[in-house]
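What follows is a short report on a single structure.
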Amino acid sequence: MSGFAKPLKIALLLAVVAGLIVVPMNFNRYGLFILSQWAVMTIAAMGLNLTLGYAGQVSLAQGAFVGIGAYAAAIMTTHGWPLPAAIVVAIVSSFAVGWVLGYPALRVQHHYLAFVTLAFSTLAFLVFRNESWLTGGIYGISNIPRPHIFGLATNKPLPFYYVCLGSLAIVSVAVWWLIRSPWGRAFMALRENPLRAQSLGVDTRRYTLMAFAIGSALGGVAGALYAPLTQYIDPVPFNLSLSLDLLMMVIVGGAGFYFGPFLGAMIAVLLPEWLRFTEGYYLMLYAIAVILLLIWSPTGILGILDRYMAARRTKAASALRAVAKSRLETAQ
Amino acid sequence: MSAVLEVTNIKKNFGGISAVDGVSFDVREGEILGLIGPNGCGKSTLFNCILGQLTPSSGEVKLDGKTVTGLRPSELNKLGVSRTFQLLQVFPKLSVRENLILAGQEHQGNMASRLVGRSDAGLTGAADQMIGFFKLDHLAAEPAGGLSYGQQKLLDAAMAFMGGPRLVLLDEPAGGVNPSMLADLKDRLVAINREKNATFVVIEHNMEFVMSLCSRVMVMAEGKVLAMGRPDEVRKNPAVIEAYLGH
Amino acid sequence: MSNLFDLLVAGLAAGAIYALVAVGFTLLWQTSQTINFAQGEFVMLPAFLMLAAMHVGAPFWLAIILGILLSMILLGLAFKMLLVDPMMRHGVLPLAIATMALAIGIKEAVKQFFSAEASPFPSIVPTGDISVLGHAVSLQSIGVLVVAILAVFGLTALLNRTSLGHQMQAAAQNPTVARIIGVPVERMILLTFLINAFLVALASLLITPIYLAKFSSGEVLGQAAFIAAIVGGFNQVRGAIAGGLLIGVLDNLAASYVSTQYRAAVPLIFLIVVILFRPQGLLGRAEERTV
Amino acid sequence: QAIKLADVAELSGGGATVGTNWKNGIDLAIEEINAKGGVLGRKLEVTHADSQSNPGVARAQVQKALDAEPYVLLGPGYSGSVKVTAPLAAEAGIAQIMGGEAAELTQAGNKFLFRTSFGQQSSMPKVARYIHDEMKAKTVAVVWVNNDFGRGGRDVVVKELDRLGSKVVADLSTEAGQADFAADVGKIKAANPDAVFVYLNEEESARILKELKRQGVTAPLMGETTLIGQKVIELAGDAANGARGHVGLTTDAPVELIKAFRDKFAKKYNYVPDHNGLKGYLAVYMVKATTEKMGKVDSKGFADTLHGLTIKAADEPGILMDVTFDQNGDIDRQSFLVEVVEGKQVVKQVLPKVK
Amino acid sequence: MSDPILSVHNLVGGYGKMTILNGTTFAVPQATITTIIGPNGAGKSTVFKAIFGLLKLREGKISFANRDVTNLSQRALLNAGICYVPQGRNIFPELSVRHNIELGGVAAKGIDLPSRIEAALDLFPALRRKSTQQASTLSGGEQKQLEIARSLLLEPKLVLIDEPSIGLSPLMVQQTFDILKSLRDRGVTILMIEQNARSALEISDFGIVLELGQTRMVGGAKRILNDPRIGQLFLGGAMEESAA
């Protein structure tokens, strides 16, 4: 990931984690809510980063999976099921739907795939809105309870923030493991050159479906946390614009970089909040900030770091070449 | 020697054009078969049909006597068939080493074990050996997209060998490769052929390379087989000279 | 079946609007391989520029000219220089995301600096209906349809029949090589965006009297046009007209014969089916040979 | 020291027009009050926050607003957003004066929630009765916008019509922002109802009015403020003629104070507000009247004081019309039946307060 | 040696921080064919990119016809009479074969384009047969032919051609080299990169050996062909022996 010395990296990581645990203890409820939202959105964006950033499958449907997870959790917990059970159901159902949505990706790619998923996303919204017998329709579902974890109530903002943070931690480790495994490399092969990948034995079908399904399942996890976080859901937050927001998080953070979603979600969730003091102008300024960021580095924030790394690497390669050259010269 | 690959009456049409028009041939175990023919005569298309990259309009492909027509490229590769491409096909943003590890990893364990096992699937050593052989050492950590044409061509060939294949279809491996390196490559192919009893089918326009490497040569023209035989026979065949070699 | 005929007419009228907006999508793809998610907002904005001009006392005709000029400067020149230039090399996604942000920016700016309210907009086509086979057809819709057809035919001729058109496509398909053989790539791209800006200004002028000028009207319009462009064929300008009309008709039929609640689903399902069985769209050109 | 109010409203997203009107109404009222010396000698101050028309964001913003301990919370306008935020305000013990109209909002026993206009449970029965009694419609077509506002109204009206014995022969949902109503009107035409109930936002109302006229639908049209408001008339032109509506709160009401309000608003913001502008304006005057009634600025006592309170326009001109609040936070006020005649609103009936 | 039309002096440059060209220097005489050979990754293609203004140079000077053309725009270089045929696949995949070829004439001035297009199609009958087909459907060799045909539309003074023989059948290689020879006979200067070094040097007047971004050797083509050390290192000496 970076060229810093390894111990330094680990220390930095530990500091950030400790900060995320300790600092919010003095936050007010609003601060905790925003931070919880960041954690939830990061999970969803990590899922999309897997599908899009690593496996190169453009999806404009991640918001719909957050919706599926949220409704699964809302319906179940309001009927007395515990949240962990609901999360499992959210994962399973969004994994399954994601798997099915992966099938078009076997036929079409790039922008065409984007359009299919875009259509799916709007269809999901219509189902959420119209099937009121299940989803409460436009009125939504209210009074979604927050869970008891090990007998501890998480009704208060701080405990629930830790629920979100803990989930984020688990997901982060799992994703880290996944992308470091041969699977991660196979996903990148799908992105870089599916044709060559196929002829090297990479089962592109299965990996494509997996990339979709796992990415979607993480969307589902995020949704299952979003429902108890807001304690009320209706179809509107899960329309296309959530998918687009998540896409923006991934790209702005840096698609295909592990830490991209963390930064992207931070910008998408926190930046507008910071800009709120400008009142009517804050969304405009936010839009301008995103545009400027992309102009500065079209590959996202981490793309900048990557460029720096690439420069260092070529320096090393240059040195190797220089050695070869001097050897050649002495040989003559 | 038994036939590893049997191709029967393969046809491939694109709209009205028939690019491959009823090609049949066998490849014997352990042989190196050359495939030559004028530009656009259907050689690459034939490869793509054999390898499942294209669905043939008709005809049959058998591997070890079992029909494999319609199998996907990845399935064929799992059966030990690998290939190289005429146009550059590498993973541009992955490093040279990662390219090679990727080329081998799907042959280690199964999908589940690859998820929990070592991240390089134990292939770094093998990859570095390949890198050394193709003189890409100083570029091992470079993204493959930054390699020169010939270097990418070599990387492509190297990838085809990472999985320990028994049948390799090479589409113009010599194009753009420096003659000295080409000589090494040829030696290497011969060595693998002898030691591992691997079988090769090689499309090439470089006559010296084909004629010195192959035990048999098949000539195609306009989608059909024009001639098949030992290199020296083919070289003297007037039809082949007329259609392909010139002079 | 007079009702069916009415539905067809209404569908074609709506479809003509989608087509007119969709032309821009297909044009941008064919000549710069970019996707502009702010296209709907691009159509929304010029009307406000014209309204602003009228606000400060310009007569309608002058406002139109000013509006078109301003949109060519803002949505053509400035858009190309500020957003497209730095991002185009990096593939479709960064620019697509930037245009999403731009869409937010334009909407918010219009809301902030003009109004959150809808306002009426004068029509340059006489309002009123003419009777076709005893059914009322609005002149405005006919105007939109005529302009959409003209735009598609004009652009198709430009792109397929003239050297300039080939150069524009070449600049999109392989900019490095285009440069090497002497195609003025920068100028071609600029031209692309200027044409698009002109088209959206024209579309704005024709559509706003029907849709009303409102900061948010670009969303609905942009999405419908987007779907139309894909269904028709994203990589060919002519796809816009087919897709637009088809989606318009389909939408109206769906509203009548399926449920109104799931009305929006029908074009989307159609879209998915089209992409799966004919990815290039109905009139698009297949992307051939990858091996 | 200033009295701090917090406003959370739909300033962007689908409800931007609603929220912006609401916000402008609030700002106007505060400006007026402060110019006259404030409330109990203290100035009013408000912070506006944008909910992006998204309940999740609304929740965050209300949380933020409550963390700052405001005197009273204003907004939001979308019923869904009200639903997520009302428990927070209640928990904090802070009165919330909102713009939502969904029936259920005030029926959950929340002691801190107050409306600024009729809930649909009180306005829609009047509409249904009018359709049945006055229009003598045996068959009715209902067109509504498929969001919480439209759906809420539709549900009540359909239930009431059913009870009264009028048959709903077409029940058409439309999308917010929809531009093309040809198919919907075609369906109305095919159903051939005695009356059409239209419950859409202003622009969509204007579009459907035009389409109804184009397709020659002659059945009488009935709606709410959103069908016969000045904005609709401006946008729809003469297609609006003949449309009728029940108007709980409108800048077009034949009330001098309201006319004056409308002029002030138009002068400041360059456009004529819809009923949401009025709601925001009234919300602030509710704060003023209640506080003056208490005689002190007491956040805790506010809700208790407002329950059961009647505010007379004669005492507090800013309240524009006499209004009474019940124990649920619902309001009771005069309302009007209006018809558009030659581009002008004409009041046909004045409906008195219920109690 | 006659007057050099192109001279390249002390080029230093590369990709990012990586230096590929380490002071490359050579000169190309007018109306000759000069072939650059060297191992893969020596920087041959990079030299061409540098000459054609596609690579930012850190040092060095390129002059053409007694004029400094360092870092000029592609358009300006074309106008000056330099034409470049790069390595690899360089077509416009979604345009037809004929339109691809036509585009080669974009920079042309005062030339009878239609007749030149016909002449180019005459040289490559396969392209004529497929002139309405989308260029992406051509075979590898046909795509290369397309590029060569495209480059014939202009009347350049200098042609930079990077490994034209890749993917071409022996017959087409011969024909392409014949075309190059006839161009030279008409006074056009050809600078070519080839890995098919023997055949290329056969038709060349001069040869340049490039290694690690430096000119190792410059001289008459015959001399380089016959230099034993060069043969061993760059021409694949072993290949000759085992060839049938």
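Labels for the chains are A, B, C, D and E, by order of writing; each one numbers its residues from 1.
Here is the rule we use: a contact is a pair of C-beta atoms (placed from the backbone, for glycine too) under 8 Å apart; a residue touches a chain by one contact, two chains touch by 3 or more.
Bear in mind that the values here come from a model prediction, so they are computed numbers and not experimental data.
Trainee: Going chain by chain, each one touching the next, work out the least steps from chain B to chain E.
Mentor: The fewest steps needed to get from chain B to chain E is 1.
Trainee: Hopping along touching chains only, can you work out the least number of steps from chain A to chain B?
Mentor: 1
Trainee: Comparing A-D against C-D, which pair counts more contacting C-beta pairs?
Mentor: C-D
Trainee: Would you kindly tell me how far, in whole Å, the mean C-alpha position of chain E lies from that of chain C?
Mentor: 44
Trainee: Calculate how many whole Å lie between the centre of chain A and the centre of chain C, each centre taken as the average of the chain's C-alpha atoms.
Mentor: 32
Trainee: Counting in whole Å, what is the centre-to-centre distance of chain A and chain E, each centre being its mean C-alpha position?
Mentor: 48
Trainee: Between chain D and chain E, tell me the centre distance in angstrom, where each centre is the average of that chain's C-alpha atoms.
Mentor: So the centre of chain D lies 76 Å away from the centre of chain E.
Trainee: Scan chain B for residues touching two or more other chains and write them down.
Mentor: Each of 44, 53, 85, 139 in chain B touches at least two other chains.
Trainee: Touching at least two other chains at once: which residues of chain E meet that condition?
Mentor: Where chain E meets two or more other chains at a single residue, that happens at 15, 137.
Trainee: Please list all residues of chain D that touch 2 or more other chains.
Mentor: Only 12, 14, 146 qualify.
Trainee: What residues on chain D touch chain C, complex-wise?
Mentor: 12, 14, 16-17, 20-21, 146, 172-175, 177-180, 182-184, 186-187, 189-190, 202-203, 206-207, 214-215, 231, 234-235, 237, 270-271
Trainee: What residues on chain E touch chain B, complex-wise?
Mentor: So the residues of chain E in touch with chain B come to 15, 38-42, 45, 87-89, 126, 137-142, 144-145, 163, 165-174, 195-198, 232-240, 242-244.
Trainee: Write out the stretch or stretches of chain B touching chain A in their complex.
Mentor: 51, 53, 72-75, 77-78, 82-83, 85, 89-94, 98, 101-103, 105-108, 111, 114-117, 119-121, 137-139, 141-142, 156, 159, 162-163
Trainee: Applying the document's contact rule, which stretches of chain A touch chain D when the two form their complex?
Mentor: Residues 28-30, 33-34, 37, 129, 137-140, 142, 226, 229-234, 236-237, 273, 276, 279-280, 282-283 of chain A touch chain D in their complex.
Trainee: Mind listing the chain D positions that touch chain A in their complex?
Mentor: Those in contact with chain A are residues 11-12, 14, 48-50, 52-56, 59-60, 63-64, 66-67, 79-80, 83-84, 87, 102, 104, 146-148, 151-152.
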